[in-house]
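Shared between the two complexes below is chain A, which has chain B as its partner in the first and chain C in the second.
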Partner chain A sequence: MSSFIANLILATVRMASPLIFLALAELYEERAGLVNIGIEGIAAIGSLVGFMISLISGRPGLGVLAGAGVGILVNMIYAYATISLCAEQIVYGMAINIFAPALAAFIYRVYFGSGSELVQANLMITLKQALGIQSDNFFVNLFLDQTPMVYIAFLLVIFTGIFFTKTRAGLNYKAVGEYPKAAATLGINVIGTKYLACVICGALAGMGGAYLTTCYSRTYVDGNIAGRGFIALAAVIFGRWSAPGVLIACLFFGFCDALQIRLQLVNSSLPYQFFQMIPYLATIIVLAAMGIRKAGPKSAGQPYRKEER
Partner chain B sequence: MRRKSVVAYALCGAMVMSMVPAFSAAAADTKKVAMISDTSISDGGWGMATYNAMVDAAKECGWDTMYSDSIAQSAYYDTIVSYCDLGVDMIYAPGNQYSDAVLQAADEYPDIAFALLNGAEDTPAKAKNGNVSSLLPDATEIGYIAGALAGLMSNSGKIAFIGGMELDTTLKKYNGYKDAAAYVAEQEGKTVETLDPVYSGDFSASDKGIEFAKAMMDQGADVFFGDASAVDSGARQAIDDANKAAGAINVFDIAQPSDLLGQNECIIGSQVTDNAGLLKLSMQAVEDGSFGGETLYGTLENGVLSAGKLNTDVVPEDVQKKYEDYIAQIKDGTFMGGEASTEAATEAE
Partner chain C sequence: MTVERAPAGGEILRMEHITKRFGAVYANKDVNLDVRAGEVHTLLGENGAGKSTLMNVLFGLYQPTSGDIYVHGKKVKIESPAQAVKLGIGMVHQHFMLVEAMTVFENIILGDEHSRGIFIDRNARRKEIQELSEKYGLEADLDMPITELSVGAQQRVEILKALYHGCEILVLDEPTAALTDTEAEGLFEVMDKLKSEGKSIIFISHKMREVLKVSDRVTILRAGQSVETDSIGDVSGEVLANRMIGRELKPSHYEKVQSEKENVAILTGVSYHRSSKHNGLNDVSLRVRRGEIVGIAGVDGNGQSQLAEVLTGNISPEEGSVDLMGSKVVTYDPNGFILKNVAHIPEDRNKAGLIGNMSVEDNLVLKLTKDSRFSDGKGFRLKWKAVHDYALALQKKYDIRCSSVKEEARNLSGGNQQKVILARELEASPDLMVAVHPTRGLDIGAARFIHDSIIAERDRGCGVLLISADFDEILEISDRILVMFEGQIMGEFSGLHPDIQAISVAMAGK
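Let's look at the complex of A and B:
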């Protein structure tokens, strides 16, 4: 295998991993009938809190847990507004996208002051490092030179796939997103399920954000989520609201991003902006192609009013 | 339902209020300068250096400072205008990318001074009210300072450059870097090729810096220079990791625009720009009423540009000496057989 292809595959996995967390977060939310476009914002606050806790404690794993915790907290604003108050989901998702990154920037300034030193935290070590393996073999790097978060991301995909298709609890969960009133008549706690979805979504989105500052980059910079929350939304649609589909979509978007970086290096005759368009162009093309058939949960985006006929 | 609506409005209100930037009124008689930046001031690179420059210059001149960092391109103009409405005396915009927003605001606020760091030479002439100055560190010379060190230190014969956006100043830095490295390598009896420049598209994506650096190291690059703020920090992280895996510092980074020696193990030297000096001149011009319409150049000759400290653990003693000689040549205009072209020299002609 050529070094170009090998490094492209390794970069694809690196760049797809945070997307998997964010896309699964959206998948759990949408499967319960909630469209949350605030994933970007939740990831932003998760990224900062993950970074700070990792820096303070010296334990990136604790940073990831803190990222998950703050993600749940912030998403409870969305949950209360959209589930209990039946507010417009898109509007509140957008509000989260504006509020959470601003809150992150505010916390950063309060904690670190207006000093301008570059603050760097330790990253989570990879399995290869933990085992002390020195090999530079491609398969060793692909399967072992990954942080525990990458394995968790892929295991979550498997778990989610099984949960939604093979378990009674998963089918009940999906029923809430399809026909909530029918689900309620069968004794399923619709409101409780929707709140549970928001807890799962907040945790996963916070972990996705924290991944960036505990497993990928040693620094926190405002805007480091860089549109991944929106790519995750596209990945859920591309993946036809299924866990395996979401995984393929995330790997595809990660591949496009990794490819554009390498194409800039091998082809200087085209303007670099052309290569930077590739992930977004691919998103548009794929969504246009996949959007023909409606496959999403039937009640997605619609408020659930228990007393309404 | 009404109670629930009130709670919903309160939540919305709280979110909106969190977005309102805090502003503390300064004493009316103290002059104020406000900086806008599309990158964080704690990015370990450009944002940090330009912010520190403002703070240092303001401290010397007795001015108050304000700043907004990590702002989006769509918010350049609105942020500038907000500060103008707050009554600042000077807007400090550290980057060529702010030129259009600065010129638009300068037309609308004739009494406010606009200092555009890295602005183009002809930008001040475009301001109808003559209230814009370009502070222009010589980008080609900056490239020479980094390129000379890269040419001396490269063992693989391949060096790399990472840009944030394809700005005029970035291209000049790249060309200066490439030409100087090739020239110095030739003098040393070797060949050094600069890989084509790559651009992250913004200045915040440290993860892109990691990926760019990995990809360029795969292509054999062993010296890096960049003009991409936090993206450069990401690149340094990847270089440090590669050096750690190799058990030795084989891949190097040259920092800018302040002396960052010690921030990362891979940094062997820095190109230093005394932006505070240029800004201080602008502040003094505001105070004596002579501000506007000029381009203030920063060169090695006038002391605004310099080469930072070298990592003496990594850069051999003979290379340190040779580098000093090349810097002296750049300074006295004899570098590259006197054919080196710098902006200040071109302007003088």
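Let's look at the complex of A and C:
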């Protein structure tokens, strides 16, 4: 196998992993009838906090947990406004997108000063490094030269798939996103489920952000999420709101991302910005092709009010 | 949780002095209801009589303002549907509570507590459902998605779902409203089976024929209050119809006229969605003369909305013809009807009558933007000063109470909103006015003002078609009364000394 293709496949897995976290975050949210376009913002703050805790403690794993925690905290603003106050979901998602990255940039400046030198933290070690394996075989690299976060991402997909299709709780959860009133008449706790969705979403989106500063890059820079939160929204639509679908979508977008990096490296005649466009162009094309048929949860985007006449 | 079965014929449910208030409006006032095991107990009443509210209180969707509920003689507080289900109360709502994206099977087991396992035990659950379905003759293809089922089949799923969740008392909220006759027959058979198994059914309806056919006892609700409970053997349909509508003839405030002037509107054999009993017209012929008010009486949802829409150009009839001011209508579009001088007071003032986000003055001038008084170049540039002065004049003339004519229309009270619509429509000096529920939800003062205006319009020479589910209103101002039932005109009555008995019977479709 040529090294180009091998590297492309390895990079695809690495680039798809953060997207999987973010897209699953959105999937849990939408399945409970909440459209949260604030994933990008939650990931940004998760990325910074993950970076800082990882740097301070020297343990990237702790950084990821901290990223999840702060993600939940920030998403509770969205949760309270949209669930308890029945506010417009898009508006609050947008608010998170404006507020959270700005807060992250602010905290970074305050903590590290505005010097030009980037602070570097440790990256999470891969299973291969942990086991001390020396081989450079493609399959060893593919299956073992990955950080624990990658395994967690793929396990989460399997868990989510089983949850939504095989379990009682998953069926009830989906009913909340489809027809909350009907769910309530059957004794399902609609409000509770929606808050749970926001906790899961905040945690996963925060972890997805933290992935970028604990597993992918040693540094934090503003704007490092680079639209992945929005690509995750597209991945949920592309994946038809199912866990396997979302996985395929994330691998596809991850592939586009990996491809553009690889192409940048092998081709120097075209400006690199052209290659950088690839993932975003792919998103637009996919949305144009798949977005027509509305198949998502019926009540997504609509507030649930209890005693309505 | 299993509910112990009450001895046959014993009382299973009692609702005492239930009052439910929404703001200042009483939806239920001191209502009493008792249901025995193994009976079909009908709640009878007109639209807005408070049947659905009472059932929503029973099902925990609304909290009563005051009153008590007893199940099996024990006082209970039902704070959520989940609690109602635990008490053995099941409800089939008028709008089905089925998740369309799921299959029949998934819908039935939603919220299921039959097992504590994490995973869905499909085989065990299927077996339980199939047993129920055989026992009560409720066939259902468990693997079908809900979207592919007919309305009747969806209803069977709803009943099956209620039974699966262990209901002893089943509430059916207007179950036959959307069914074909054959489907309704099937439903009645299922109800018989349920009864013979000792289940109690609360049946909500305003269709006299089926009420007499399926009920053991009937409780009548009128204007939010329970009137009486009767065993069905004791009373006839006419008596029930009378109690449901419940009035004696009060002298009208207005003089009734018999117009001999020319026709402004003639409908000949108009049909629209003929087979739909509740949203269609079936061979309707009528005429409205200049200077008379023709009242269309009938229980809501018997084709009145469609009649109004045909006469305002919003829908075109599939058969038959409409003549306006002596010429046959060729194309049906609202603007064409407006140009023919037809005024419309729509049935839902917020949806079709006003634009809530626009100011009172904007709403008043909506139909006149091309008029040279208010704009240059047929609406190219609006003369805001003229619009404002016009609005101020109308505000005074029609007694529209608002802080300013620049106030958003949605902030006005219902009565004042209706006056805005009335002002806009009447200022055009219409030849034909179609007024649908013109006083619905208004207080007496505002209603009186609207009636006075309609009468004045009649005396000026306008022909008025008044559609109302409020029988008092029909009696009050109509010069002629037509009764609609299932898309057909059941009869014509004089407005001067109306035969209430005969009209009630016609309204019940007998």
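We adopt the following convention: the second predicted complex is superposed on the first by the 294 of 309 C-alpha atoms of A that agree within 3 Å, B and C clash if a C-alpha of one lies under 4 Å from a C-alpha of the other, contacts with A are read in each partner's own complex, and residues count from 1 in each chain.
One rule holds in what follows: contacts are C-beta pairs under 8 Å (C-beta built on N, C-alpha and C of every residue); 3 or more make two chains touch, one makes a residue touch a chain.
Please read these numbers as outputs of a predicted model, since none were measured by experiment.
> Mind checking chain B and chain C on superposed chain A, clash or fit?
Verdict on chain A: chain B and chain C fit.
> Please work out whether A:Gln264 is in contact with chain B alone, chain C alone, both, or neither, and reply first, second, both or neither.
After superposition on chain A, A:Gln264 lies in contact with chain B alone.
> Pick one for A:Tyr151: touches chain B only (first), chain C only (second), both, or neither.
Touch status of A:Tyr151: no partner.
> Check whether A:Tyr111 is in contact with chain B, with chain C, with both or with neither, and answer first, second, both or neither.
In the superposed model, A:Tyr111 contacts neither chain B nor chain C.
> Once the shared chain is lined up, is A:Arg168 touching chain B (first), chain C (second), both, or neither of them?
Touch status of A:Arg168: second partner only.
> Considering only the touch criterion stated at the top, classify A:Thr185 as touching first (chain B), second (chain C), both, or neither.
Once the two structures are laid over each other on A, A:Thr185 reaches chain C alone.
> So in the superposed three-chain picture, is A:Phe139 touching just chain B, just chain C, both, or none of them (first/second/both/neither)?
It touches nothing on chain B or chain C.
> Taking CA centres after the superposition, what's the angle at chain A between the directions to chain B and chain C, given in steps of 10 degrees?
After fitting both complexes on chain A, the angle is 130 degrees.
> Of chain B and chain C, which one contacts the greater number of residues in chain A?
B
> After lining up the shared chain so the two structures overlap, which partner does A:Phe274 touch, if you call chain B first and chain C second: first, second, both or neither?
Once the two structures are laid over each other on A, A:Phe274 reaches no partner at all.
> For the combined overlay, can you note the least CA distance between chain B and chain C, rounded to whole Å?
In the combined three-chain model, chain B comes within 14 Å of chain C at the C-alpha level.
> If I apply the document's touch criterion, which positions on chain A are contacted by chain B in one structure and by chain C in the other?
none
> Help me check something: in the complex, which residues belonging to chain A touch chain B?
Where chain A meets chain B, its residues are 3-4, 7, 11, 14-15, 77, 80-81, 84-85, 87, 95, 98-99, 102-103, 105-106, 108, 112, 114-120, 212, 216-219, 221-224, 226, 258, 261-262, 264-265, 268, 271-273, 276.
> Which bits of chain A are touching chain C when the two form their complex?
166-169, 171-172, 174-175, 178-179, 181-188, 297-298, 307, 309
> In the complex formed with chain A, which residues of chain C make contact?
On the chain C side, the touching residues are 22, 59, 61-63, 80-82, 85-86, 91, 93, 97-102, 106, 109-113, 115, 117-120, 165.
> Give the list of chain B residues in touch with chain A in this complex.
Against chain A, chain B makes touches at 4-5, 7-8, 11-12, 15, 18-19, 39-45, 47-48, 51-52, 67, 69-70, 166, 195-196, 198-199, 201-202, 204-208, 210-212, 214-216, 218-219, 230, 233-234, 237, 263.
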